[in-house]
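Note that the chains are named A, B, C and D in the order they appear, and that numbering of residues resets to 1 at the start of each chain.
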Amino acid sequence: MKPIATTRSSMNIATGKLAVWWVLVSEIVIFGGVLGSYIMNRIAHVEWGEQASHTNTWAGAFNTFVLLTSSLFAVLAHQAAEKHDGKKAAQYLYYTCFGGLIFLIVKSFEWAHEIREGFVIQSGGFWGYYYVAAGLHGFHVLAGMLVMLWVADSAKKNQDLHRVENVGLYWHFVDIVWIFLFPLLYIAK
Amino acid sequence: MSAHAGSHHETNYVKVWALLLVLLVVSVVGPMAGIKVVTLATAFGIAFVKAYIVARKFMHLDLEKPIVHWILALALVFMVLMYAGISPDVGRDSGQRWEKTSGWHHLPPQSEHTSEGQGGEHAPSH
Amino acid sequence: MANHHDTHDHHDGAHAHHDEGWFKKYFWSTDHKIIGFQYMFTGMLLALLGAFMAYVFRMQLAFPGQAVPGWGVVSPGQYNMLITNHGSIMIFWVAMPVLIAGFGNYIIPLMIGADDMVFPRLNRLSYQLFFVSVLLLIASLVVQNGGFGGAWTAYPPLSANKDFNLTPLGSSLWLGAVAVEFVAFLLGGINFIVTAMNARAPGMKAFDVPIVVWTIVIASILFMASVGPLVAGAVMLLFDQLLGTSFFNPNRGGDPILWQHLFWFFGHPEVYVVLLPAMGIVAEVMTVFARKKLFAYKTVIYTIVATGVLSFFVWAHHQFVAGIDPRMANVFTVTTVLISIPIAEMCFVYIATLYGGSITLSTPMLWALAFMAEFMLGGVTGIYLGSSGADIFFHDTYFVVAHFHYTFFPIAIIAVMSGITYWFPKMFGRHMNDFWGKVHFWGTIIPFNGIFIPLFVLGAAGEHRRIFDYHSFPHLATPELQSLRIIATVSLVVMLAFQPVFLVNYIVSMFRGPKADKNPWKANTLEWTADSPPPHGNWAELPNCYRGPYEYSVEGRELDYWPQNEKA
Amino acid sequence: MLERFIPAAASYAGDVDQLVWLITFLVGFWFIAAEVMFFWLIFRFRKKDGVKAQYITGKEKHLKQWINVPHGLVLLFDVFIIIAAIRVWVHIKQTLPPADRTVRVTSQQWAWTFQDPGADDSLDTADDVFTTDELHVENNKTYHFRLESKDVLHSFFIPAFRMKQDAVPGRIYTGWFKPTRLGDYDILCAEICGIGHGVMGAKLVVETADQRATWLAAHAPAVDETATDATATDAASTDATSSDSTSAAAGQQ
């Protein structure tokens, strides 16, 4: 059961949404830590460019496309939820999840290929950051998908529709992180 | 949320999405020119534009309360601060009265001012 | 009472019934008060462990090489393990859980007039993760090759490479424990912040919120905004340990200085993360027992915010001589010394609050006043360390140790004791014994100064930290300095000998103490309008708020207090 | 104040001591003022029967001054402290007076190795003298030191010089000191470096030119060779070390 506290809104922002914004703050600083460390190291190490040249730009670009598209579905789900159309919202959420799934599949093929080529996490400074940053991001994609499936499940029954927007906010954030990871890990060579 | 339900519903999300895809294409094609400035502008400049569009249109930051802008700005400012405080040590090869040794670069540096005067003594690692 | 409990039970069966089992009531509860207790008791248990470690290594320092009663002969590896875990336990597993999570959970909903945290199940998960981190920590101490001994700062390459630290399992488990603990506090912190922002009683505006809630929320925000890079850094360090990556390995392109920055970018705000809640508790206690309105409430809020923001600009003063670019030290000297301004302002305001009061020296008030008196010494000695020129000498000497114990001990023990004795009647519906409370107070405060004043002197003599035996250093092995070490150790033993007084008083009072009514201290804040102890759901009818929290001795009123929920 | 415990044996040790005095006076004043005020208020406003506490919001001008004036003064005192601290810092850590002699200080778990330039006063020549855990320097000469670490962080701490600098693997740090007082002093490692941290000390001997000449003569080539061998074997594990030392010599600006 929910406490009365949860239903209050002294700031005039829904409690769940406010919490998601704070989650995003904590995520910004986590990814900020990784990416900040990566960028300053990258500037110091000219030779990392050579290591970076082995990444597959096309896989990265395709994954960017997939995440942007899934973000579109997430926002369409939110739109549907605001119109109290839980069924449609759930439908869009499943599309979003499907996008996440494709992203992870592409990612795992990419990694499998790189590992076969001998580029593992110990192979060099760049590869360390490459696997940590992308891995951390991939972990967030996976977590987002699981939460989204759970939200979609109740949205189907027209319950807790406000959660559709909250999980969407999180998904867009994960998308934004990738928008920065893509040039940092794939384009800069 | 529901108070402004009418206003942003009409945002054409598909159009925003299409714009994002165009930007994506530019960010992939731009760096192919191989000019450093163009690469930086297209790859990283466009990343900021894309992030801004997603935050504004998909996350509806344009309709969000000022407090949300403040807390996000807080996190971003602290990250800039962190970068500014750390990069003078980590992002450079040498500074006042210190320098990193050759082991620093796992692979040989290509153009490093600090390696001046070291002559051929690094030959084994080249 | 708690009529909303039974309205529906299809969401979460665990709390639909009042006849919950013992396990569900105390271990699987979503009640913020129970979770607060869980944090508090876990923290207190670990404080005993941390204190025992302090006892062992202080004995070793006073009587080097002799078997310590209760431990045996201390080897160098054990000594490093003891100091490392004493530090990390006292900060991460005592100060944080007791001050922020313990008090925060217990008092935030009560003080803002809510029936619970906004996310009770997230709250439970937060404690469970914290508990996992405790298990990991304990495991790290007992595994083969012993616990981690690279200091609580865990600087690589020492921490990153088992060939250097010789504790392959201990260091990874320790690091994992710290990382899990951070995640637990992130979850808890989100809960605190959102609860205080959104779940306030009707009529309670931002400036009607008691200082202690403000401080815990600001502290949670500081924690959240600073810990991220270290979480990332911990993952990277863990990979360095386990997979042999080279994030911090200088021979393969990494940079050990990066870890130092990531650590202190978190580590310095962390000081304020624990300081602020302590200052908040002191504000509550001082106003109640001086029967005084807080001198300039808004100024206090502004100084809290200013301190919080400034605390992000000072971190590298821990690294002045650690190999950072010397030019950066000038920037950080300026910011560090300037942070004394909001903190000094806050102290002045607290002192001024006493002016015109009617001060009762009850046990909680004694602790609160002792906090101020002792913390000021901790504060001013920080100026020596923040001034880059003087820090060249003082860095990593016992002066630093004495300085931060003069801040952390008031924070984690004195202010906590103040809070425990102050809220005890609310928590358990009974009073603690005042006489034994005062015995414990004096038996703690006097030896505390006996421990750390000699350490200031030792630091000034150039005694460096984390050394198990000073025999190798002729100028530090003099009888004069050794006698100072013995004074410190004897004081510690005396202080520890007085702690059972508290424990017995605490436990006996919990069951046998005289019954307390709703508002024994005649305080204003909302928690005193609930039953003692408050039931699940806190109030039968949630209170409204009509005024600020510190309206004591208002002119023209018969009573010298004016509860926040009282209509005119 | 510090001199009560350890002699000041370097040219800039006095500067640090003066800075410490300055800080002690400035913050000591505030500390005593605040504590006296604090205890006086506790005593003066203790609970008395029939006396009610006053209602003070803190907005009253004449009372607020008691906060604002100290506040401004703290800021002023802070400025003094900052200026003094930065002056000392810049002198010790940022300026680099011309060297009479340069030594290399190499730290490792758990020993200090010192490379003295020998009679020709130039580093990395055949007559260099290697010593372990003992550093000989000549009084009243400006020394540069090149600080390196082979494995983990160490810290080169000479209390009598009021000098401390961490040795970071992968970095070379250049510092300076000028001994001004004859005698034996401690060199400490002030950064935890593993189980041997507690025994990682060394002896610093400040001596006259004559004494140094005698010492050099006694430690000339024969000893030199074995010492180098010992260092070389130790260094074998870290591939970077050999090139480190050469780059250090060459990188002298």
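Throughout what follows, contacts are C-beta pairs under 8 Å (C-beta built on N, C-alpha and C of every residue); 3 or more make two chains touch, one makes a residue touch a chain.
Predicted model only: the values in this text are computed from it and were never measured.
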Which of A-B and C-D has more C-beta pairs touching across its chains: C-D
Euclidean distance of C-alpha centroids - chain A vs chain B, Å: 17
Length of the line joining the C-alpha centres of chain C and chain D, rounded to whole Å: 31
Centroid spacing, where centroids are CA-atom means, of chain B and chain C in whole angstrom: 36
Centre-to-centre distance between chain D and chain A (centres being mean Cα positions), rounded to whole Å: 47
Junction residues of chain B, two or more chains touched: 74-75, 78, 82, 86, 90, 96-98, 100-101, 103-106
Sites on chain A at which at least two other chains make contact: 11, 13, 22, 25, 28-29, 32-33, 36-37, 41, 45, 124-125
Sequence positions of chain D contacting 2 or more other chains: 93-94, 170-171, 173, 238-240
Which chain pairs touch, all of them: A-B, A-C, B-C, B-D, C-D
List of chain C residues in touch with chain B within their complex: 221, 225-226, 229, 246, 250-253, 255, 257-258, 261-262, 265, 312-313, 315-316, 323-328
Residues of chain B that touch chain A when the two form their complex: 1-2, 5, 9, 13-14, 16-17, 20-21, 24, 27-28, 31, 39, 43-44, 46-47, 50-51, 54-55, 57-59, 65, 67-68, 71-72, 74-76, 78-79, 82-83, 86-87, 90-93, 104-112
Complex interface listing, chain B residues touching chain D: 96-104, 114-115, 117-119, 121-122, 124-125
Residue ranges of chain C in contact with chain D within the complex: 75-77, 79-80, 149-151, 155-158, 161, 164-166, 250-251, 255-257, 290-297, 299, 320-323, 326-327, 329-330, 333-334, 337-338, 340-341, 344-345, 347-349, 351-352, 354-361, 369, 372-373, 376-377, 380-381, 383-384, 386-390, 392-393, 395-397, 457, 460-462, 464-469, 472-476, 552-555, 560
In the complex, chain D residues that touch chain B: 93-94, 96, 148, 170-175, 238-240, 243-244, 246-248, 250-251
